[in-house]
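Each of the next two complexes has chain A plus one other chain: chain B in the first, chain C in the second.
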Partner chain A sequence: MDYAAVVILEILYMISFIALVSAGLAVVFGMMRVINLAHGEFVMLGGYTTLACQRAGIDLWFSMLVIAPIVVGLVGLIVERLVIRFLYGRMIDTMLATWGLSLLLIGIVTLIFGSSAVNVPTPIPGYQLGAYQMGGYNLFIIGVTIALYIGMWLVLRYTRLGLIARGAMQSADVASSLGYNPRTVYMVTFTIGAALSGFAGGVLAPLTGLLPASGGGYIAQSFIAVITGGSGAVISGTLTSSVLFGTISQIVSFASGPVLGDIVMLALAIVLLRLMPTGISGRFLRNSQ
Partner chain B sequence: MKVWPSIGQMRWGWFLLGAAIILVWPAFFDTHTPTILLVWALFALSLGLMWGYAGLLSFGHTAYFGLGAYVYAIAVVNIGESTVPLLLAILIPAIVAAIIGAMMFYGRISDVYMGVITLVVSLILFKFMSATAGDKYAIGDARLGGFNGIPGFPVLNVPGLPDVSLFGVPMYYVAAVALLGCYLICRWILARSFGRVLVGIRENEGRCELLGYSVPAYKTAIFSISAAMAGLAGCLFANWAEIVTPSVFSLRSAAEVIIWVIVGGLGTLVGPILGAIVLGMLKLLLSEQTVIDNSLILGFILVVVVLAIPRGVVPALQYWFGRRARIRTQRSAHTRARRRVAAPVRPS
Partner chain C sequence: MRVSRRDFLGATGALAVTGSLGAVSAFAQGKDILLGSVLDNSGNLDIYGKPMVMATTLAVEELNAAGGLLGRKIKAIQYDTQSDIALYTKFAQQLARTDKVDVVHGGITSASREAIRQTFKRANTLYFYNVLYEGGVCDRNCVVTGTTPAQAVEPIVDYAMKKWGNKVVVLAADYNYGQITAKWLQYYIKERKGTVASTDFFPLDVADFGSTIAKIQQANPNFVVAALVGGAHMAFFRQWAASGMNKKIPLTSTTFGVGNEHLALSPAEGDGIVIAGNYSQEAQSPANLEFLARWKKRFGDTKIVHEIAVSQYQGIYAWAAAVKKAGSLEREAMLKAVESGISIEGPAGTVTIDPKTHHAALDIHLMEVKNQKLTIINTVKQRPPADTAQYCDLIKNPNDNKQYEVKI
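Coming up: the complex of A and B.
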């Protein structure tokens, strides 16, 4: 019984982890069809921002929930102005340039923080579940992810900003003829996407530990979740694929070790992409957000 | 808008000059570093053939390079004599690429998804190979060794003579002959109708399809050929390093080869070779100091090249020289035309 609860909690945590890490990438890919290979490094920057603030004596909650998104959002804005905006419509070139950017960011962070692993303290103590010691912070991650996705859905569905965003997503031409400059919409979208990645990085920092190269670990999961989710429906597509990959990878991990879980997840992604080249949402969830 | 250069011709003069420099080099200089530069150049050439001429970008081409290295190491530990392992190191990456390629191309997957899938393949190999520590993971006598890789396997020997190992200067010549041979094979492929169809597919896939060519078959074939060359490069790399570790599958290695090719130039064969040699040299020099991180420079180069010279350095130079030549011929043609017009005006 306890073991079942542990397994379910771990599965929920894995789903939340994937969904949280993918949120920023999903917004950018869904709205702009830009595949940002520096996404993992944005997440990593969020973690390092939290670390720097925590070392400077700022409250940990404030630095991970507020400062990390703002700082990484600003980095995203600078990147969009300097690099991405010249490459709209050239998908492969964008992927290459953002890959270069990811290496550049790794280099800069290594220069500042050094290349050894560092840790941010966990602000929530663990608890006892039957015979098992559980991390209390995992529950917080699950809660934060649910809140984040509800928030994203509300913004997209009920605010003017969300309306413009959905309009620009459906038809950039019509949105622009109604007076909304697509360039501005893209700039804001990319900044928000980066801020979401920074948020994920800040929140996850106490759990994962930090390395300049740790972005590479996020990129695989978020990449396949978002691409398999498809660009038709940002929220439901990403959530569906997060649930799918999180569940399967965690079940395989429990059965035979964490590495095989990752490998099965990646192999499954290849098969799914082969079967549904437009992603899950292109096939099943055409009329949702 | 990307302007692709034309298919290019074999310039025997330049080829012989380059070959002469490569072959005479060991008489004057050390060969340890140049050997690995030639191996990297071969690896870049394999990606340049497929990306520059067929327009197919494999984001994880390092998977086939690494497979070549691992297959050689595993096979040579088991067999002892290096001829069969060398052939396997070419053959197995080619077969793997043919399977993955057929799956992608017959499924009509777009180029972006192709990028994702190829990258995921190399990530899978990286994760798997990193996790194979312990006695449980062994193929025959070869223990995969997890993150520490496979060290101390026999290096290449003269075919049929297991005791005559090739290292040092002979190893350099093996790499040089492999590079020059593969260059000639690439030129040969491009000069045949097969190569022309590939360029046609790059330019307009639908049109080639309508002309009756099986686009997926051509794409799968060139992917497989390219992977075979990458596998050969990987095998030579294993012999140079005398150890194979999972880092051959890492994101970093995947990025490096793409940077070499795009900086050197798409749609040329000499571009990727020069890109790999120059940037490979830069990488080795940078790793000798610890002030500036290597990835910072690499990343910066990639961003700047994509933004400023998306065609790469060699095609940009070719275009520049070509335009000057064209202006010159235009100018002289213009003067000639003026003279011709001027001549009949004078009444006789």
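Coming up: the complex of A and C.
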């Protein structure tokens, strides 16, 4: 009985993990069709920002929840102004440019922080669940992810900003004819996407530890989740695929080991994309956000 | 006669050089002895490689300052393999074929060692591998000065089973080091009538151990052995502590501390982890204190000194002892010298090369992480590489070229 609760909590955690690291990518890819191969590095930057703030004596919660998204959002803004804006509509060029960017960011972080693993302390102690000892911080991640997605949904659904973003996403021409410059919308969207990635990185740092190269570990999972989720509906698509992949990979991990968990997740993604080339949301969730 | 500026500088420069070399003119007798190294001085594995490169520099400089070997100066040719296995093969070829070095000291992961070992064997370039590993390499061209499972794994199993009980969970990195070490663990645990409740392997990029930690609790072992490798796997130790497991089930490791991992974890997270190995910075022996003082003088920071940097340093001194004994760099003479049971005193104690296996008998410390330090619990002097010795006899079978694994 306890064990079932442990498994369910671990599944919830895995779903949250995927949803959290995918959020920034979902916004950028889903809304702008920009494939940002530096997404993982944005997450990593969020982690290192938290580390730097924590070393400077700033409160850990404030560092990860506020400073990390702001710093990485600013980095995103600079990147958009200097690189991405010249490449809209040129998918392959964007991929190449952002890949180069990811190498650059890894290099810079290595120069500043060194290439060995570093550690942000976990602020929440473990707790007892029946006979099992559990990581308390996992619960926090689950809660934060739920709050984040509710927040994203509220913004897209009920605010002027969300309306403009959805409009520009559906038809950039119509939005532009109504007086909204799509370029400005894209700039804001990319910045927000980067900030979300930084947020994820900051929140996950105490759990995974940090390496300059650790962005690579996030990018595969988030791309699979976002692409399988489909670009028809940013939030519901990404959430659906996170639930699907998180559940299945974690169940397989429990039954055998993490290697098979990853393999099953990849195999499932291939099958799903074969059956639903436009992603889950393109098939089922066409009218949601 | 018109003297150009270049001629003038050349002539005076040469004068200056000969003048300054006057004191060490003994070196003039032959060309330099070439010592090659292939190590990861950058990239993912540089936490292991950088101090090894520094140790190589230090050892060569010290040997030269003491008059070199055979009246000749040693020149180190060090290549940075950038944590890229493809570069190992490339630079190994270069060392063996182009630079034609007299000896190579290098390789960090077991994957990298196996990528280059045969290259040196074919080229008849003597090869020293100075890193702890899974044991069993039986190759007359290769000398190993790092620890093997019989030296650094068996003491952990022995201590932990006596102290905590006989049900064990094994976690290991998913490549040849982890796979073979897991087999040895199973062998030593079974030998002591223990049981391995489960063995799990993790690719080097796995950083989420939530399901693993839950599964360990379900198995409820008396203790856990982690043969995990690299930066991503560090997450295990962190998540283990974050869930409070470090207070419930004792944790031991065959690799922890080798890359100074104890400095990356907070005292609360790292305290109590039991490890075994050849070196602790805390050892108060005069040899170690003097070594650290020399390191400090040359490089400044001694915090980064770890076991395999010391192994590399000792490996170079063991090779130097063999060169002195052989009186030549000629291959057969060198191998005979290696097989004469040479012994040196290094920072981590006596290193004696076993003629049969080309492995080293080493002083082994059982240690516990306390407040970010590797505190010594007890020390066994001159523990032999008994695992490899079960299978390997290079005196009888000089042409053997195999890595033996334990059969369970």
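Simple rule for what comes next: the second predicted complex is superposed on the first by the 289 of 289 C-alpha atoms of A that agree within 3 Å, B and C clash if a C-alpha of one lies under 4 Å from a C-alpha of the other, contacts with A are read in each partner's own complex, and residues count from 1 in each chain.
Rule of thumb we're sticking to: contacts are C-beta pairs under 8 Å (C-beta built on N, C-alpha and C of every residue); 3 or more make two chains touch, one makes a residue touch a chain.
Computed from a predicted structure; not experimentally measured.
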Examine A:Y137 and indicate which partner it touches, taking first as chain B and second as chain C; both and neither are also allowed. second
Kindly classify A:V259 by the partners it touches after superposition: chain B alone (first), chain C alone (second), both, or neither? both
Check whether A:G216 is in contact with chain B, with chain C, with both or with neither, and answer first, second, both or neither. both
Could you tell me if A:P182 is touching chain B, chain C, both of them or neither one (first, second, both, neither)? neither
Does chain B (first) or chain C (second) touch A:L103, or do both, or does neither? first
Now for A:M91: first (chain B), second (chain C), both, or neither, which partner does it touch? first
Look at A:P121 in the shared chain and tell me whether it touches chain B only, chain C only, both, or neither; answer first, second, both or neither. second
With both complexes overlaid on chain A, does A:P206 touch chain B (first), chain C (second), both or neither? second
What residues on chain A does chain C touch that chain B touches too? 115, 216, 257, 259
Chain C to chain A touching residues, read off their complex: 42-44, 46-47, 174, 200-203, 205-208, 210-215, 217-218, 231-232, 234-235, 238-239, 241-245, 248, 259-261, 264-266, 269
Could you list, by residue number, the parts of chain A that touch chain C in their complex? 3, 6-7, 10, 13-14, 17, 115-119, 121-122, 124-128, 131-138, 206-209, 211, 213-214, 216-217, 250, 253-254, 257-259, 261
How about chain A: which of its residues touch chain B in the complex? 35, 83, 86-87, 91-93, 95-97, 99-108, 110-111, 115, 216, 219-220, 223-224, 227, 257, 259-260, 262-263, 266-267, 269-270, 273-274, 277
Of all residues in chain B, which touch chain A in the complex? 57, 59, 103-104, 107-113, 115-117, 119-121, 123-124, 127-128, 130-131, 250-252, 255, 258-259, 262, 292-303, 306-307, 310
